[in-house]
Every structure is written in structure tokens, then in C-alpha cells.
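Please find the structures below.
Common to both upcoming complexes is subunit A, partnered first by subunit B, then by subunit C.
Let's look at the complex of A and B:
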């Protein structure tokens, strides 16, 4: 992804320190090239676990395979069935809602946290550590924890009562209007530290002199943020958004644990119905078709995002 | 790459002591920000407080106010959860799977990165792109065929199935990190070794691999967290067997003791604690590893 930039930058800086050797390639010709067998172990594992199953899965998406020996080619039938499947349509809408909301809100909150914890305030190292800590806990456990936090008259309701907002209490995971947003909130809580850390790294790579220059020009804090910080955080934004977007499109663990897709189809996601169709109902072909749709969405969004956000980036 | 982010979360850098802060906070701004952040942190820690306090509550207490602290440290939950959910065994399983998977991934990933960056130049990019494709393909697409393959090979319910799965599925990220890092390393040392008559393997193991140490740290950190916390695949492959990993064990434990929250939370704390302890000791390295790996 944005790696290209960083790597190329470093590579072009290095040779000059070696006495200006223009290309490391020509120097190496005297000692030969690394033989290809170095690549083979990785390639074998990768082919067996990722490449072959993905190609096979894409093929089964066009069949009626149910786990027996017979897999008949049925063309687009699975995809036509998907359009008429209300759970599948709901899961598609929910998945996109989750991905867009998480990408915007989690990245935004991550930026705010990073800005606050990049300032010289007391205890900021401890706070950084604490905000990143949930990233270390398995999503299943986070899901179970939040399931309890959201129970009627549970921790969240009690807390709201104490601060005088008891009227807001409700069935956080049982109300189909709210359940999806409750799950999204818990995922933001879980992952916001990741976005914060990406932005902290970005903030710390901005040269201090730029702020000094801006201060000499009498730029106020907001002006400094808008004209110095914001453009130079472009790459961090690309990384933070791409990462959140791709991982939230595949969201499974938390939903599986907290609601199992309910109430009704209110919190179904593509990963979840794919799992149910394939591994609960044994509809291997149909499940693979759902997975193929998910793959297409991920690919489309990655390309779209790469082309849009790249334009907003400035090299520090 | 990791080189450029070695300053992530630094110790107090000299520049930070200058009174004119980049965020422009001075006067009343700073105390206000400090108060806001302390409040935000306390609110943020609320769910974790619930998890820990619940784990020390008796069944009667757990049925009472959900947010009051436990009256005493009721340790029975921990003992029961440990034995009923067989968490000792699950912990061992998680350790075995994680350590072996990481070792394999580091070794074959570093070798592949070496072959891609220092191999035939014409094929360097296609080879890397082939691996990077894996970063984009959701695991769901290959989930059924891989499950069937593991079943037909008779590997389901064994640690080996998971180890193979992780070694393969972690290759895109691992190769990406190693190749990116190696591009920034001058080949002078390797060439010297070759000229002195070292073979390819010797050059790799004695010269190249040690040079890759910073990125190996990143690879280990990111992959360890991913493997240790993974749930769906271990559930598919190992659920219902004594070989199950920690997240799977805690999940099925919760299914068994549906509303005994004190017990369930004790199990959750036990499962979350090992990584959290390591994190609090190595937090600077871990945060750097994540930030560096993603940036790279």
C-alpha cells in the first residue's frame, strides 16, 4: 500500500552513502543472484493455504456444491439467489454501514487521541499504553465483555443512571434499531488505539522546524494544524483508513459472540452469513458466492481508496 | 520502514521541553487538556474495570449491582474456571501453536524476502505482487476449500492444521515486511561473505538474517498478536477437542456456564492476562512494532 513511498524514499537515500553506486544490481552480478529455492518454502505454504483455496472458492461460488462429491456448475444462480435473500441483502448493507462508520469515526477519534497525547501533558505515556491495551485482547473476549456491558440493567445502564441519563437505558443489543450501532461502538472502543498509534507515528515524523517557522509567521494553533499538521498526516490517514476499512469489512468475532446476527437480521454481516451458510447449513457453493462478493467489495474499496487518498498525501 | 519509525513514542525528547508547544497549549489550555484526557481515560477503562471486578464476585454479588466493586477478592471463580474450562491445557495449546507458527513464518518469510529482493531482478516485482495479493483476499474466500483440504488430509483437530494455516496465511504480511526492509539494506556485507567463499545458505543464515533483526521483531510482534487472538479458524478446526486454543476454550466455557458471569469473567481475565502482561513490559517495542509494520 503506502509502503511503496517509504521504501522508495529509503532506497534512494542509501546508495549515495555507498559512494554513489547507481544500482546495487550491477554490483551484485559479480557474486550472482539468490537462487530461487529460497522462495519455495514460503510459496508452498502460501499456495496451499491462500492461493489454491481462494481460486477453488471462487470456482465453487458458481456451483451448487453441498459438501458431497458432486459440484455442478450453475453459473450465476447463487448470485441471483443472493439478491432475493433478505438476510444476504441485510448483511451487505450492514457490512457497508459498519465499514464506513468505523473508518470515519474510529480514524477521527484516533486522530483526536493522537493530537491530545502528542502534547506535553502529564501521564501521556501511561494513557497511550492504556488506549492501546485492548488491542492485545482477543476480539472474542471483547465481544463477551461488551455483551455483558450491554445487558439490560447491566453496567452501561447503571452507569447512565448514576450520571442522570437513566432515560437512555435500553436493550442495547436486543433493539434491532440500535444493535448494529452498539456493536460498532464496541469495535471502536477495541480498535481506536490502533488508529491513535498510526497517527502518533505520523505526528512524530513531522519536523519540528515547520512548527517553529509557522509560529514565527504568527500562525495560531488552528492555523498550524490546518496548514502544517493536516497535509503531512496524509500518509497516516491512508494507512489508518485502509486498515480499518479492510478489517471491518471482514468483521466476524464480535458479531458472532454478541448477537449472532440478531435480532432478526439486524446485525448480520457478510462474514457471518458466509460462515452460517457454509459451516452450519453445509451450503458450500452458496457460502463461497457470499465470500466472493465480499472479496470483490474489499478489492474495489482498496483500489478506490488507494487512488483517492494518494492524491491527498504530501511527503514530509 | 522500521528505521524511519524508531522515534515512535520516544522518551521525552529535548524539543518537548520548549515552552512553545506545537499544539499551542499554554496558560489554561494544558491543565484543561490534562483533565479532559484523565476523564476520557477513566471512561475508556470502564469495561476493563467491569471485567476485573466481576471476576472477583460471588454468584450472589454478581447478580447485584453490576458496577459496584467486589466486597472481597473471591478467588474461587479463578480456580473453577481454570479447571472446568481446562484453561491450562488451552494455554499450552495456544503457546505451542503460536511459537511453532511464528518460527516457521519468520524463517520461510525471511528466505522469501531475500530471494525476492536479491534474486533475479526481472521477476522481483511480480513475485512480490503475488504475495501482496494475499493481503487483499479475505480469508473467507478460501475458507471452505481449505477446510475440506485439511479434513481430507486428516489434519483437522490437530495443532498441525493451525500451524500450516498460519504459516501460509501470514506469508503476505511477513514477506512484505522482510522485502521492504531488505531493500533498504546495502548488499555490501552479503557480497563480502560471498567473495570469501560462503554458500548461499551460509550467507543468509550468518549475514543476512542477523541484519534483518529489527524487522524480525516487528514480524514476531504483529504475527504473535494475530495468532494468539485468532478465533474463527481455531474454532472451525479445533472446537470440541482438547487441542483448542484459549479464545475457543473461553468461548465454549461461556456457552456452558451461560449466566454465571463471575466464572466467565475469571476465565476471560485468565485468557487476556498473558498477552497484557507481556504488553505492559514491552509496550514501547510492541507499539513501535505495530506502527512500524503498518507504515512499512
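Let's look at the complex of A and C:
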């Protein structure tokens, strides 16, 4: 593993530190290398704070551990209970709905914003800052802010009233048909700046010559986007979608603050029921089982998604 | 520029695993036992509770008197419960810490007692002053395992200016209560402010009514429930509690669309006179007082009646506890500190500072609106613990919250709520 840390370049061409003679092959192999045992402190730290908790968490998923009492091995009992748990099933459906919607809508909006703000328009830097600014606010604050926005007769209802759409006023967080979508809208508002920045970076890495060549070939704006921009943004799309997918599959803060999973179980997510089972009810074994299932789901979906999106990547 | 997809996929999988499995291993399971009553008062004693409000001057004077040092950690109740559960499991819990009543959370008194994590405080001099109604929340195997720092009651808090302007007398019966709601509604006000977007608030009205309709009129219900002789579905008291709770919403006596209204704006409606009253625990009353133009003086309160016989009314009244760690490193100082704050003037000063009710019967009376309402009920023995504090585990309360929201929304019925309570109760017992 130390090879990656070795000084790159043609070492044989450099003079020895002790004289002007070129280095021999055996000396080349040690110059600039970091001994493997230098990795030990980092590996020990990683094992203690990451590997051990992860493996122990996986173990507890197969037990009935409730915190203070002895942990008894229960095999697949927690997972069988999970399948029959209506709240867990509802939360899985909600989690997948959130993940798919956020990934598609947030990534799409991020791309549109990036395209708009990559053009030579006045005040684009200010607009980029404004769209990215919500990312700097903690999710809990965002949740509280939007909970207020959605209050009956609150800012959103007032705005609708002003623009003549008062009939659309809703109990935004109190109607189980709408509450999940209300939360999704707030998350998009919070995170769309991140997708925008990823796409902006991608757009700025596309060589201008390609657009010039396309213009010579009389390609219009749509054609240039489809044949030049879109394929060359493949890597950005992969990154933006992977980050959005992973963060949305484990969405917790906004749901916890805005609805607590309600009304009923209308906005429950896997992260939320994992938290409730483990830290509110003390069912650490069952909570760990939910965590393990969430891990598998995140891993499988991200792997699948990256397998698909990488097909669209091309080199500039 | 082609991305190293495989490497990224591996990294993504690693991140996913770390994210979800971070729940893990907070320490090895198991609890020990310790004879921790030995030692001299002095040294450093660790304390963890929700706030030093009311305690700070007592800590200062105790430290000055004894030379002991009290290291306090203060956090919001939910966060503290979670933190303590982990500390107890890993053997790093403080000497003296706050604990919830009964079985209401994984780190509540009777759950910790069952695991052998708490010191038996039966022989402490203040134990004889613990109200009998608290027994089911802190006693087990013949021992007393918690010190009631102060008490809170589930009451209706109202805007006195609005009540006076509309000529509303404080109701003492259910009919008078409905009459007051009708007067407020006719005046274009929201009679009862209700913010169910904060889901826990769904418990408040049922808990207030259950003190009378279940604890008062069906006093053996919970004993029979525990013995498997009855159920929530069979309880006339619980059915009436829910019928009256949801009836208030159906009849338009609460905030419109309460499921979309958060708790704080709901309270503000009472503060600014848009709503007449709110049913909530007294511990939240200082927040409401801060929302009123006239402050505490403009805020009145009354016991929520549930029948047409005022003498049948019970008040839901539960304590907030401090407990001593069975493995305390400085048990002598922890016990001495409890004995110090149990002195009548000290226990009253805590209650006065926290806007609560003294929870020991020898406390000096406090002359304020809250205590003037609750004290007669305490004197007559007409108080009962919050029902959720006596339930085995938090899932019964969660069932009440979840299905209540669904009833308000129209997707469930009262029968569904009662069945859900039974199912959660049985699950918690298993």
C-alpha cells in the first residue's frame, strides 16, 4: 500500500543525496517510501471507531439486546419481526419514495440551475451563493423553518392567498397524502445547491473547443447540450446521484423535526424507526437489525445506480 | 478523466456500512451490583439532569457546607435519557442522575431498578414524605428507588384576559367546560389550542381526562390489566377518554387542522388571545407565560374536568426524579445532597424556581396559581400519575400518539386506538 505514497517520477535520473552517482535499483526501492508500520496508528483508530462498532452492531442485530440486560442470540427473529412490522414496511416504502424522488428531482433541478448559472448572466455569482446558502444551515434548523412555513394559515398559505391560489391551501404536514411530499420539497430546497455545484464543476471542465466545433457543425443549443454537455457531465451525474441517493436513504433530521413520522406512520423512514426502536424504546437488537437492513438497501441501491450511471460517462 | 467506478463503489459501500451500523456497541451488556453506601461526604460527585434551574443555589450552598464538589451535566430530557442509557450500560453513568418515572423510557426508574442499576433509597429520611400516588412509579420489591425532585400536573392553562372579557368562569364540570368552549367559539376564538404536528402533544388531553375517568372511576383498571383480567378495549373509562378527546376536535373546539399545527405556534395562540386555553403539563407553563403580554399574571389554570360531578375530578400529577447509581463512585455525597435538597424550604425553592409543584408532602406551601390549583387535589388524594408513566415501555404511548393522529385524520377509529393500546401493552410485557 505504500507504493501509492512513493515519490513519482524517474528516480534513477536524480543524483544521489551523497554524491552525483545515479541510484542503484535496490536503493530506488526504498527512497521516498513510507514504512508500512506507519499505517498502524491509523488502522488501529479505524478499527476501534469504525470496524468494531460496525461488526458489533451487525452482531446485535441477531440478538434481543435491550441495553442493560444480557444479549441473547435470537437468530433471524428480529428480521422476521421486521417483515411483519407494518410501521417498518411503511417506512421502507416512504424511504424508497423519498430516495427516488429526491435523486431524480434534485439532480434534475441542480442541472438546470447549473446550466442557467454557468451562462454569462449578470449576478450569477450572487445567485450561485444564494442557491448554495441553504446547504450551510443545519438540517434541524431547516426542519424547524419549514415546519413554520407549512403552519396552517402560515407563510405558505398566505403567499398562496396573495397570488390568488388560496384554494390550494392545505394542512401541509397534517394530511398524510401530502406530508411526505411537503418534507421532500423542503429537502430539495435544502440540498439542490449541492447538486448545482457538482454540475457547475463538471460544466467548467468541458473544453470550450468542443462547443466551438459543434457550432461550426451548426449544432443548435439543444443539440450541443445533448451531444456535448450531457455525455461529458456523466461523471458529475454519477457523483450527484450517488450523494443524493445515500443521503436521502438515511434521511432523518427533517422528518424527525417536522412530523416525527406522522401523521400516523405517513412520514416514517427507516432511519427514524431505527432511532425510535434503539434509543426511545431501548430495543437495541431490533434497532440494529433495522440498521443492518438499511445498510444492505443503501449498498444495493447505490451499487445498482452507479452501475447504470457509469455507462453514460465519457472522457473529454 | 474516466472515473474509477469500482473504487468509488467500494467507497460508497463503506460509507453506507458506517452510516447505518454506527448504532452499534456502546459497551458490553450486563449490570453489576455494588455496596455503594460507604464513604465520607466530600470529594467530587457527578450529577446529570435537565437543568440547574432551582438546583444551582442549593449546589452552591451544599458545596460551601460540606466541601464537596458537584460536577453537573445538563441536557434536554430526551437527549439525557439516551445518553444515560449508554452510560449505564457502559458503566460510566454519574453518581446522581435524572430518571423518568415508572417504565416510561429505557432509562426510567423501574427499568433501571429491574436491571440492578439503582440504589435502594428506602432508608433515607425523606422517603416517608413521598406521596403514596407515586408508589407505582418508583417502588419495586419493597424498596424506594427514586427521589421526587418536583412534580408536574396536566392542566388547562388559559388566557385570563380573554376569559374575563367573555365572562367565562373557570369550569369545574364537563358541561361547564363545553359551555366555555362554546362561548369562545361563538366569539370567533379557538377554544382549545391544539398542535398535533408535534406528535407527543396528542397524549396531553387523553392523559388529563384519564386521571378522572380511569384512575378515579376505574381505580383497579391497571391492576386488572396487568393481571390479564381486562383490556383497553373493555375499559369504559378509556373509551370515554377517547370519545371526549376526539369529540372536542370534531365539534370544532380545537385548532382547525391540528395535525398541521406545531406545538409552539399553538401555545402562541393562547398567548396572543386568538385561543382560549391549552391542555399541557405544567412544566411547559413558563414558556406559555413568556408568550403572554401580561406574563405569568395573565395565565390562569384549572384541573380539566371529565364528568359533571366536580368532586370526581382527578389531576394527572407525576414527579421528575433523581436516582442514585448503584455503582456510584461517591454515594455518600449523592445521598447527603438528596437529604439536603429534601429539606422543606429547599424542595419548595426548587419547585418555585422551576414553575412546578413540590413533590414531597413536607414541603413548604408555595402561593402561586399553579400550586393553588393542585394543592387541594394533593391534600384530598385526588391525583394520579400520568397514565403513560405507568405503562410498560414507551410503545404503548407511541401507539396512542400514532393512532390518535390517524383518528383525527379519519383513517382509524376509537376502537382501533384501543386495540392498538392493547397490542402495544402486550408486546411491551413480552
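FYI, the second predicted complex is superposed on the first by the 283 of 316 C-alpha atoms of A that agree within 3 Å, B and C clash if a C-alpha of one lies under 4 Å from a C-alpha of the other, contacts with A are read in each partner's own complex, and residues count from 1 in each chain.
Convention: a residue touches a chain if its C-beta (ideal position, glycine included) is under 8 Å from a C-beta of that chain, and two chains touch if they have at least 3 such contacts.
None of these values were measured; they are calculated from a predicted model.
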| item | value |
| --- | --- |
| Subunit B versus subunit C as contact partner of A:137, first or second or both or neither | first |
| Per-residue touch tally on subunit A - higher for subunit B or for subunit C | B |
| Subunit B versus subunit C as contact partner of A:111, first or second or both or neither | neither |
| Touched partner set for A:295, first subunit B, second subunit C, both or neither | both |
| Partner chain(s) touched by A:102 [first = subunit B, second = subunit C, both, neither] | neither |
| Which superposed partner A:57 touches (first subunit B, second subunit C, both, neither) | both |
| First (subunit B), second (subunit C), both or neither touched by A:255 | neither |
| Partner chain(s) touched by A:171 [first = subunit B, second = subunit C, both, neither] | second |
| Touching partner for A:306 - first (subunit B), second (subunit C), both, neither | second |
| First (subunit B), second (subunit C), both or neither touched by A:280 | second |
| Shared subunit A contacts, counted only where both subunit B and subunit C touch the same residue | 50, 52-54, 56-58, 60, 67, 148, 151, 154, 205, 235, 246, 250, 274, 278-279, 284, 287-288, 291-292, 294-295, 298-299, 302 |
| Subunit A - residues contacting subunit B, complex | 1-3, 6-7, 10-11, 14, 18, 24-25, 27-28, 30-36, 38-39, 41-43, 45-54, 56-58, 60, 67, 115-125, 127-141, 144-146, 148-149, 151, 153-155, 158-159, 162, 189, 194, 197-198, 200-201, 204-205, 208, 211, 215, 220-221, 224-225, 229, 235, 239, 243, 246, 249-250, 252-253, 256-257, 270-271, 274-275, 278-279, 284, 287-288, 290-292, 294-295, 298-299, 302 |
| Complex contacts: residues of subunit B adjacent to subunit A | 1, 3-5, 7-10, 15-17, 20-25, 30, 33-34, 36-38, 41, 44-48, 50-51, 54, 65-67, 104, 107-109, 111-112, 114-116, 118-121, 127, 131, 134-149, 164-165, 167-169, 171-172, 174-176, 180, 183-184, 186-188, 190-191, 194-195, 200, 204, 225, 228-232, 236, 246-247, 250-251, 254, 261, 264-265, 268, 271-272, 275-276, 279-280, 283, 286-287, 290-292, 294-296 |
| Parts of subunit A lying in touch with subunit C, wherever the complex brings them together | 50, 52-58, 60, 65-71, 87, 147-148, 150-152, 154, 170-176, 205, 235, 238, 242, 246, 250, 258-265, 274, 276, 278-282, 284, 287-288, 291-292, 294-295, 298-299, 302-303, 306-307, 310, 313, 315-316 |
| Subunit C residues within the subunit A interface of the complex | 1-3, 5, 8-9, 12-13, 15-25, 29-31, 82, 85, 88-89, 105-107, 111-112, 115, 117, 196-200, 255-262, 265, 393-395, 398, 401-403, 405-406, 408-409, 411-412 |
